[in-house]
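One structure is given here, and the rest of the page talks about it.
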Amino acid sequence: MAIAVKERPGREPGPRPNKVKKLVHHGYWWWSLPALAAILSIHYVATGVGFMYSFTDYEGIGEFNWIGLENYTKIFEDEEVSGAIYNTFFLAILSFVLSNVIGLMLALALNRGLKTRYLLRTLLFLPVILSTIAVSYIFRFIFYIEGPINTFLASVGLGEFQKTWLADTTWSIWVILLVVVWQNIGFAMVIYLAGLATVPQELEEAAAIDGAGVWRRFTSVTIPMIQPAIAVSTTLALIQGMKIFDQVIAMTGGGPFGATDTLSTIIYNKTFVYMEYGYGSSISLVFTVVILLMALLQTYLTRDRSGAKK
Amino acid sequence: MFRYTKWTFLREIAVWIYALIVLSPLYLLVNVALKGDDEVFGVPGYVPVQRPTMDSFVTVITGPQGPGLLGGLVTSAIITTIAVSGLIFFGSITSYVLARRMNRLSKGAYFAVLTAIVVPAQLGLVPLYIGAKTLGLLGSSWGMGIIYMGMLLPLSILLYTGFIRTLPIEYEEAAYIDGSSRFKTFTRIVFPLLSPVTGTVAIMTGIIVWNDFFTPLIFLAGSDTQTLGLVLYNFVGGIVTSWNQVFAILIIAMLPMTVLYLIFQKKFIQGFAGGIKS
Amino acid sequence: MKKRSGKLVAAFAATALAASSVVALGGVANAATTITIWGVNAQQGKSAWTNVVDEFKKKYPQYNVEYKEVGVTGTYQQTLLTALQANNAPDVFKVAGGAGEIDGVQKLARAKYLLDLGNTAAKDFAAPLERANFSYGGKTYALPVDKSVGVVVANLSVMKDDGLTWPKTFAELLTQCKTAVSKGKTFFGFAGGMTPNQNLINAALGQYTYADTLKKAAGKMNFTNSTGWRKNYERMISMNQAGCFQKGFEAGGFGDAIDTRFFGKKSYAVFVPGGTSHVFRNFVPPLKGQDVVTAYIPGDTAADTRIPVSSDYAWAANAKTKNAAAVKVFINFAASTAGQKAYTDTSGSLPYKAAATYPENYKMMVPFLKSNKTYPIPYTLFNGPAVTSKMAAGTIGVMTGQTTIAKVLKSMDSAW
């Protein structure tokens, strides 16, 4: 891209408006070329080539052979992959629900009247801007076998609830979930706060005068008004949740025995640690399809039913 | 209109309790980092530090990992600067052309840009890796900056285009009538009008790039160029038993972004919320 | 409009290509007597690879050596592959024997990245039975740096305090595991969350698997119906049930297993390359004066017991080297007694060619070495890293009950 910038601006092509001659010229069309070329090559061409690799046995070095659908039949036999798909959905759906529900509750709590609302908003948003990898290491300490959680449980006489959290086949994924939600709540909260700010107070008051209870006002006035915020926050939370990687790598490495592996960690391991480029690409394709389907489904579910323009 | 009642007070207290619980990991972070070796072992992390000391910070900065840690800070800063400047420049100029020229081609291009936001990067990673290798972009800050530009341009264009569409055209017309060149019209008239969304782009992409771990893990593997995230990943595994030192490293790593956030917190939050609304 | 944008794209591509070739040219300018070498970092103390290079520099000051330690093993392997493909790999570098690892000799030789070492001392250096690990298609491509004996290191002093001596049979080991627990310790510190440690426990138990692995490599058996491999995992399960490993070993890192437990004298033994006993007893302050030795996991009977001996690491050279003459000098040095000594002095492992005397830390291994009761590490016979990864992951899976032995063996078969 940096190279493309140096291109001499071509001979004066000028815009050729298809229909009406415009009064103002808004830049030259070729101004958009470097960016479009970069997007085309990084997002589309690369993905297309990756699609192609998924039908090969490419190992990162030497030649590769076309092996048809062999990688795909392998996926369905590979318990690592099916386990990772399960974990990915587990983390995506639960983190999506929890961070949105708690985020919305916080936004409602902060929305009106609190004296320290700006301070609270600043503090509660803080986790969002922290490095995920650093945050994961803090939680790794907290849930370490001799860490604060276990020592605390012992000190209050709940020693029997001590666990080897991150080594536990059941609990480790819940710890991952906790870290993800911990970092995402603030984000959802801020989006909902922005959404709530668009709800005119008069509207709520009018509803109150009409005798609508708190819940009724919430469902029939607030929710429809913040529909766009809901759509945005849930979409982002879902896509983020599908891509969980840093937390797993930093806290459990995917273990024990894949109990916390996600599609992202599996793809990384297969592709960049074990150099199974071909097989890794085929799992990536499955991952891509799953994300696109989720995004479509999600858009459909949170579509603006009121018919109003966003 | 709104009355501060007893219930509001209780609500305020409840949110504060929640906030303290949520932020307790950060208390642990600071508390343990300030402990000397004698207080780390055998004493629970939540017990307040008795004899606060900066020893851990001194050890990690002057120790063998010191140069790497500071190098990581510099590298992350350079990469973020390159990526964000590129995303602002190419993002704004591209969006300007796409938003103002409402023909079929630009609409198609815009749609392609939007779709790219949803498609995950994973499938393209190997080809991108091989392509970056061919172009000599692996293992350098410039290379990383360029890769990030390509990856995040769709987001930048989405934000800019949404904003430009709401901008009145009159200023440009006036400039045009005054005989201003197209590029000057853009840099002198349009770009300053974009400053609110430029702030949003800078904050959102800046945070994404600064905190990203996955992309450098792949594109900087084994090179001497190491971002902060990679430095953390490589160090922490090695000294996992000296938690006070680990936490000192984490604090050093988290400090720049946290300070920026606390100074510009309103801009950060509005940046996120505003970026989302468009 | 269409035509013009086509031209621009072509111009863009041409500029990009030109830029990339300029980058590629940057790495060429090497003086004739300069030789570039890559080794790996040591986890503790000085790297043995570095020591060989240092000794080489002393003996051959006329060569200008550019040496680099490239990360720990995992990072190293990936960096090397990238460099080989990008055509900027060094003249001489560390590789692994066989095909079971990412930088395996056979894998790299098949892709034509390695220089034929047929005219150097590497030819016929390896023992006939092991020669295949360092060659491909009948040509020699690598020189083993040492002989690594054992994959367990024990602190006999701590055991003695608890009234124990090293177990002679597997049943005795299990009993001692329970004793250790009753003393508030565990027999092993196990970094079960780390793939390299999962590999090592399989190597330690390999006396019942290597024969079947040889059959598998010859296409005469599958893992699924190998009694040896089944026994391998059954033994792990019984070790786990006897409390041989620390709590939370499933996610254990090297810090937990080695620093906290072994150095903290809370465990008798750890899974590390056998030579590490030399490093531990000499360079780790808490273990000064302790009887730290290379050990083994016993067989069902004392007579059954065999110890793992492998030569996993090797030097190889770049097929595209511009300094074949200098490479030959270096390889010949590395094969010489002085070169092998330079490596083993630092690593604590033994020279590839049989040693006359054995250091104190090998005292438990000597009887086995002398009576040839040894076996090669089974996974060095695998045909690719994917099989090794299934074997390693299965280690934890069977112990936690997340998977069954049959399933692990099946996954190893399908990865082969």
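Chains here go by letter, A, B and C, matching the order in which they are written, and residues are numbered from 1 within each.
Throughout what follows, contacts are C-beta pairs under 8 Å (C-beta built on N, C-alpha and C of every residue); 3 or more make two chains touch, one makes a residue touch a chain.
Since this is a predicted model, take the numbers as computed values, not measurements.
Undergrad: If you tally contacting C-beta pairs, which comes out ahead, B-C or A-C? Let me know.
TA: Taking the two pairs in turn, the one with more contacts turns out to be A-C.
Undergrad: Which chain is most remote from chain A in terms of Cα centres?
TA: It is C.
Undergrad: Between chain A and chain B, what distance separates the C-alpha centroids? Give it in angstrom.
TA: 15
Undergrad: Could you grab the centroid distance between chain B and chain C? Build each centroid from C-alpha atoms only and quote it in angstrom.
TA: 39
Undergrad: On chain A, where are the residues touching two or more other chains?
TA: Expected reply: 272.
Undergrad: Residues touching two or more other chains, restricted to chain B: which are they?
TA: Touching at least two other chains: 221.
Undergrad: Counting only residues that touch at least two other chains, what does the list for chain C look like?
TA: Within chain C, the residues that touch at least two other chains are 16, 19, 78, 85, 256.
Undergrad: Okay, in this complex, where on chain B does chain A touch?
TA: 1-2, 4, 8, 11-12, 14-16, 18-19, 22-23, 25-26, 28-29, 32, 44-46, 86, 90-91, 93-94, 96-98, 100-101, 103-104, 106, 109, 112-113, 116, 118-128, 131, 142, 146-147, 149-151, 153-154, 157, 169, 172-173, 176, 182-183, 185-186, 207, 210-211, 213-214, 217-218, 221, 228-229, 232-233, 236, 243, 246-247, 250, 253-254, 257-258, 261-262, 265, 268-269, 272-274, 276-277
Undergrad: Where on chain B does chain C make contact in their complex?
TA: Within the complex, chain B contacts chain C at residues 133-136, 138, 221-223, 237-241.
Undergrad: Hey, which residues of chain A end up touching chain C in the complex?
TA: For this pair, the touching residues of chain A are 3-4, 6-7, 10, 13, 16, 30, 33, 37, 59-62, 74, 77-80, 145, 164, 166-169, 172, 252-253, 255-259, 269, 272-276.
Undergrad: So in the complex, which bits of chain C are touching chain A?
TA: Answer in residue numbers: 1, 4-5, 8-9, 11-12, 15-16, 19, 74, 78, 81, 84-85, 102, 107-108, 110-113, 192-194, 247-252, 256, 385-386, 389, 393-394, 396-397, 400-403, 407, 411, 414.
Undergrad: Quick one: which bits of chain A touch chain B in the complex? Just the residue numbers, please.
TA: Residue list for chain A touching chain B: 1-2, 15, 17-18, 23-29, 31-32, 34-36, 38-47, 49-51, 53-54, 58, 106, 109-110, 112-116, 120-135, 137-139, 141-142, 147-148, 151-152, 155, 182, 185, 187, 190-191, 193-194, 201, 228-229, 232-233, 236, 239, 242-243, 245-246, 249-250, 264, 267-268, 271-272, 277, 280-281, 284-285, 287-288, 291-292, 295.
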